[in-house]
Amino acid sequence: MTGETILAVEDLTMRFGGFVALDSVNAEVYEGERLGLIGPNGSGKTTMINCISGALGNYTGTVRFRGRDLGSLKPHRRTRLGIARSFQIPRPFRSQTVRENLAITIEYATGASGAERDDRAEEVLQSMGLGPRADAISAGLTQIEMRKLELARALAARPQLLISDEAMAGLSSNEVDELLEILFRLNESGVTIIMIEHIMRAVMRFSQRIVVLDAGKKIADGEPDAVVADPAVERAYLGD
Amino acid sequence: MFTFDLFWNALVAGALLGGFYAAVSLGLSITFGQLDIVNIAHPAFVILGAYIAYMGNEWWGFDPILTGLVAAPVFYAIGVGVYRFYYEAFERRDDEALRGLAFFFGVMFIVEVVLIMAYGVDFRSVQAPYIGGNWEIGTIGIPTRMFVPCMVSIAMFAAVYTYLARTFTGRAILAVSQDRLALELMAADPVRVKQVGFGLGIGTAAIAGALLIIIIPIEPSVGRLYIGQVFAIVVLGGLGSISGTLVAALILGVAESLVSTFYGPSWAPAVAFSVLLIALAVRPQGLFGR
Amino acid sequence: MISLNKRGLLAGAAALGAAALIAAAPAKAAEPIKIGFSMALTGGLAGAGKSALIAMQIWEKDTNAAGGLLGRQVKLIYYDDQTNPATVPGIYTKLLDVDKVDLVVSGYGTNLIAPAMPIMMQRNLTFIALFGLAVNDKFNYDRYFQILPAGPKPITDWSRGFFELAMAQDPKPKTIALVGADAEFAKNAVKGARIHAKNYGLKIVYDGSYHPKTADFTPIVRAIQARKPDVVYVGSYPPDSVGMVKAATEMGLKTKLFGGGMVGLQYATIMTALGPKLNGIVNYDFWVPEPTLNFKGVEAFLKKYQTEAKGKGVDPLGYYLPTYAHAYLEILGQAVKATNSLDHGKLAEHMRKTTYDTVVGKVKFAPNGEWAKTRTLMVQYQGIEDNKLDTFAKAGTRVVLYPKEWVSGKLRYPYTEAR
Amino acid sequence: MAIELTVEGVEAGYGTVRVLHGVSLNVREGETVALLGTNGNGKSTLLKCIMGIVRPESGRIDVEIDGEKIDLVGLAPREVVERGIGLVPEGRRLFPRLTVEENLTLGAFRGAARALLSDNLAFCFEAFPVLAQRRRQLAGSMSGGEQQMLAIARALMSSPRLLLVDEPSVGLAPILVSRMIAKIKELKDEHGLTVLMAEQNFNQAIKIADRGYVIVHGEMALAGESADALRENELVKQYYLGTDL
Amino acid sequence: MTRFWIGAGAVIAIGLLLAVTDIIANSFWFFAAYVVLQYVVLATAWNIMGGYMGYVNFGSAGFFAIGAYTAIVLYNLVKAPLLVMIPLSGIVCGLMGLGMGYLTLRLRGVYFAIGTLALAVVLETLMVNWDYVGGATGAYVIRPRTLEPFGDYVKFLTFVMLVLAVIAVAAARWIERAKFGRGLHAIRDDEIAAECAGIPTLRLKLIATTLSGFLMGIAGAPFPLYVGFVEPASAFNLAYAVNAIAMPMIGGTTMWAGPVIGALLLGTAQQIANVTISSELNLLIVGLVLVLFVTLAPEGIVGLVRKYFGRGR
């Protein structure tokens, strides 16, 4: 099922002023895995992926991708190495069409150009079901379309590791299922996926393994059933 | 050549000059610093104020500062009108950054041209008993022409500061750019609050204009000279900090005066802008940004 | 000084209109003689430019009333250069190629004369300039003439009088402070003063320049004061002239001679604003209502000017620039009449050798186009007690001290006592 | 002297995404009602609908104050506040560059509260002594727990009849969460406040609540049950941990 | 060869034809065209940063002036010919642009705009105090009277400016269609998202500011020869900064045609207004038009055209 370690986080700590958002977190992600990253609001999930994707560069500790210390590598270099992310609040290139959003990402992240680029963009469009909206200006998309675009853009970078940050918040059950299908398919094609999600139903269904953060610390790491049964997790969610 | 005599005198002259700069910057400190409206036309309003003071002085022999005080409410109303327009045209459409800037560029032109059409481009000045006097305290000379505006400026700062700190609307003005929704949850109407704030900012221009014409003769395009300076002070002082603006103005005045006295007056403006550039690069939130 | 380009914008319709305008105008007989120029009607020099224009229009009207030139009427064609040198080349080519003017004169000021020079030289046109300082030093153009009475060596002639006055005092001054604005004229004025100071062996104890937008001159005056100079020479523009005078009187500047090249102190609005603060200052001037300078026609001209100028926001007295703006057209007119021609070669030839009689007196050009002999006056403000306009229209408030032939009073010396 | 909030069949969302699918609840004078559920289920959206920040697509939101019935739908947030309903917003939304005291005074902007400024200020400083100590400190420079207290105090400054609290526990260490909850209980007990509290921390919230609603995917999964009943209900855990699948 | 290049070639060929023959005897047209074309270059250069990348440069006048002053230095040093001045002015301003690019690391939005304004003032003060280039007094640059086969030297200058304008527009158009331009657009829309999409934002910004600076520099290089006399006040004239912003805003900032249309319209109108209506009114009209466009037609003329004739994209 899973292979070698693709991503390793060692003693990752991030401070904002006096506030410790992440406190010596250690975690590993294996090749081909579907990992769920959960935790109550404010537990440090987004901070953690900001550190992994390079959006926050001044962390202490180490983030290794395929054994390589990412150090202070900029986000675009990490994207090119194969780490792609989607944003919790969609951040499309608002003045561009959906297709252009993808094309830009493809050519910068993978270096493809011309017909190859356009084919890949088309491929991603189709796989995400965005085909009919391909030439719409992205600022005018609906919420679900924006979320799909967000994910599509991450896919366009041809990631080996995809980090999906709350791609499903606010979507209907059908839409959640739709996105889940896409992510499953993607995983089958060999992409390792970290899913951050509040919708527990989705996380439980999707994840092979779950890491739980609470107040900046990792409190559980294991198979979904075991994690849910963990009293610490129950405490984190339901409170003391 | 350095003597302590010169040094202290430069310090005093700089502080007086800085006090005046502060008056010109106060309005922008409110509109730009507190309300996030890049009112590049502010110096044009100051010039407008200067012409009103000139008219009062020339026609009826009114004291320029008094005229400024009387004109302030009218300016307040103008400010309210300009803000309404700005709000409807840009802010409400969430389209303020670049186009708002261009809008105020246009407003600046319009104010200036109207003044040119009305007064031509001759230099105008005013008469007042405190223009031309000089107090000697030991070896330090204090020209009343600089001293009076400086004092009025400080009084104006104190008044505005008190208003902002002590009244409900004042505090709302301080808060509006920090969190609009939260302010609405305090039962305040952010648009109305910004309207009052903008009016207040433009209102100070009436008085700052009166001070300007006391210090130097003016013509309609003089205002452009102050754009950079005024922005420098407001940014240096830290956006959102009224007292920071005062301190930054004083620092700039003193820096200019010292450079002027000991190094060469022609480098004075470059010093101000270099300080600004460095401040922007190293500490964009300004000296007193909080 | 930042001078903004005050250009306009027209809709397409206006563009078409202008095109039509340009396309029209076929040559006709007995068409008026067209004299073209650019003038600063907006921007930094607009105050002066507008007053010059009034004077020129008076000449136009008078000339036409007297039957014109060569039996033809004269017509001034002018455009606003907005005090922006970049507009000047375009304006003169428009005047020459589209409006087909017969004669050209310059706009006001060095910055706006220089950009026209290459065009004049290209086409070998006779060009009379209004108040350019040493423009021809660089171009060496033989058909350039200049009405500013600076003299053949403009840079040094400008302050010659000031230094001759200073050195004639007993005891002779030993030290001098030089200060000027960072702008074209002021720099040149101070440059000339520096040369004089060296030649006379004066020790330069302060030599500084300031940005023209300086708001407070107190630190500068104090820095000068600290060096205790016997003489203070200032090269400045109107707003800073005012600032300088105010700071000097407030600080009680202690020196023996103060002034020199301060532009603006000749303007009525500024004189009335400063009033008694002017007393004791010795400054350059070109014409003042002293009996020695009562040239033929000047009084009549000023009367007309003062009537025209009312309510136009320009200099109400018109001594400084308007007289000369009138005079440079007088010279042009006299040359046309004398040569009975509009040929630029003949006109230049005539101007090189003739002495003209104008409202500013006799004018004779040197080979480089400057006045053959300097008549930059040095005047001292004396006995001013109020801020009324009439005060400055009287003889005796600005006493001519130099050159000798025009002297109308005595120097009050030193400055500290003359004040 | 009575206040009662009634929400009926509210549907609301953002853009084309519907977050609330016909939600009803009610809060009566003197009660503390907990609105429970994990994130993303619509708790905040419901509070925002009540405050007029989000406009419902359908449904009714009424408040009855001293016999007078007011329809809140269509009112601007400040108008809702003027009617005596205060909100401690999610994420606290303090004015970070204002001092503690300035933040508090702004809380009294409401017309009816202005005259009570000094009383209310004294009350808040007494209720939250840490705020009194830090009255001149900038709000943005305080710790999360202190900020949350300030947010609550600021809402109290408007003398609300009904206080809505959105996720007071977010970003707080467990010890602070219980302290915060205890504080809300204390305020409620001592001053007879009516409180509607959205909270993901079930166990903490249920300690002080009289009743509770559990909202799942924009629908009321459990409505209006007493605190004890909820505590016993095994469904809650399933909803929370997604083990219902 | 695309339509654009055929058009560009035709424009240059016609320009050359007009410049070397006397078909247009009236040299006013050349003087006026020079100024308008200079604004085409300046507005296009501004738009690469302001329109494509979303960074507003208030200091265009500073770049223009340094372009002019570099030419003066070269003239004073070795009487360098124009064709040497242009690339060197471009390089000097390009390096300045590079420096400004590093400012974007710390400054965004309004702060960046104010930073550029400050930069221009510092540069002006430096020039005022640098006597080698004339300081405050100004510097004379005597242009040759004629240059064969153009005749009048200004015809040659105008032709050169036409070529520069075509180069600038071609560069802008290339950027717009290239990967580079798409990257800039992404930066304008969302810098962080762009970075995460694999776009090396800093490198792109530096290239754009350098290129923009370079183009402004070459726009300023022939200026000394055109006016013959340069002093800081005229070289740093605020008009350059204002027009550089107003022209693209009026024309439309999203595509290369915007600044060109804006510059041609506003520039031509200004040239006409110069010699027709009273200037005070001119200025008022500039102000009103600017206010009108930013309030009513935020996408500029290009936007209006698109709106009424469909989205020609």
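So that you can tell them apart, the chains are marked A, B, C, D and E in the order they are listed, and the count of residues begins at 1 in each.
In this section, a residue touches a chain if its C-beta (ideal position, glycine included) is under 8 Å from a C-beta of that chain, and two chains touch if they have at least 3 such contacts.
For clarity, every value in this text was computed on a predicted model and none was experimentally measured.
Under the contact definition stated at the top, the chains bordering both chain A and chain B are D, E.
Among the chains in view, B has its Cα centre nearest the centre of the complete protein Cα set. Annotation: C-E is the more contact-rich of the chain pairs C-E and B-D, by number of C-beta pairs in contact.
With centres defined by CA atoms alone, the chain at the far end from chain B is A.
Separating the centre of chain C from that of chain D, both taken as means of CA atoms, is a distance of 76 Å. Taking each chain's centre as the mean of its C-alpha atoms, chain D lies 56 Å from chain E. Chain A and chain D have CA centres that are 31 Å apart.
Touching of two or more other chains is recorded for no residue of chain A.
Residue positions of chain C touching 2 or more other chains, listed in rising order: 2-4, 42, 44, 182, 209, 211. Contact with two or more other chains is made by residues 116, 224, 266, 269 of chain B.
Listed by chain label, the pairs that touch are A-D, A-E, B-C, B-D, B-E, C-E.
Here chain A touches chain E in the complex through residues 53-55, 74-77, 79-80, 84-85, 87, 91-96, 100, 103-105, 107-110, 113, 153, 156-157, going by the rule given at the top. Across the complex, chain D is touched by residues 17-19, 40-42, 142-144, 166, 168-173, 198-205, 215, 228, 233-235, 237-240 of chain A. Residues 1, 3, 5-6, 9-10, 13-14, 16-17, 20, 116, 119-125, 127, 131-134, 141, 143-146, 215-219, 221-222, 224-225, 256-258, 260-262, 264-266, 268-269 of chain B are the ones touching chain C in the complex. Note for the complex: chain C touches chain E at residues 1-11, 14-15, 17-18, 21, 41-42, 44, 79-80, 82, 84-91, 93-94, 96-98, 110-111, 114-115, 117-118, 121-122, 138-139, 181-184, 186-188, 191, 209, 211.
Residue ranges of chain E in contact with chain C, taken from their complex: 25-28, 30-32, 35, 125, 128-129, 135-138, 140, 142-143, 145-146, 152-154, 223, 226-231, 233-234, 236-240, 242-243, 265-266, 268-286, 289.
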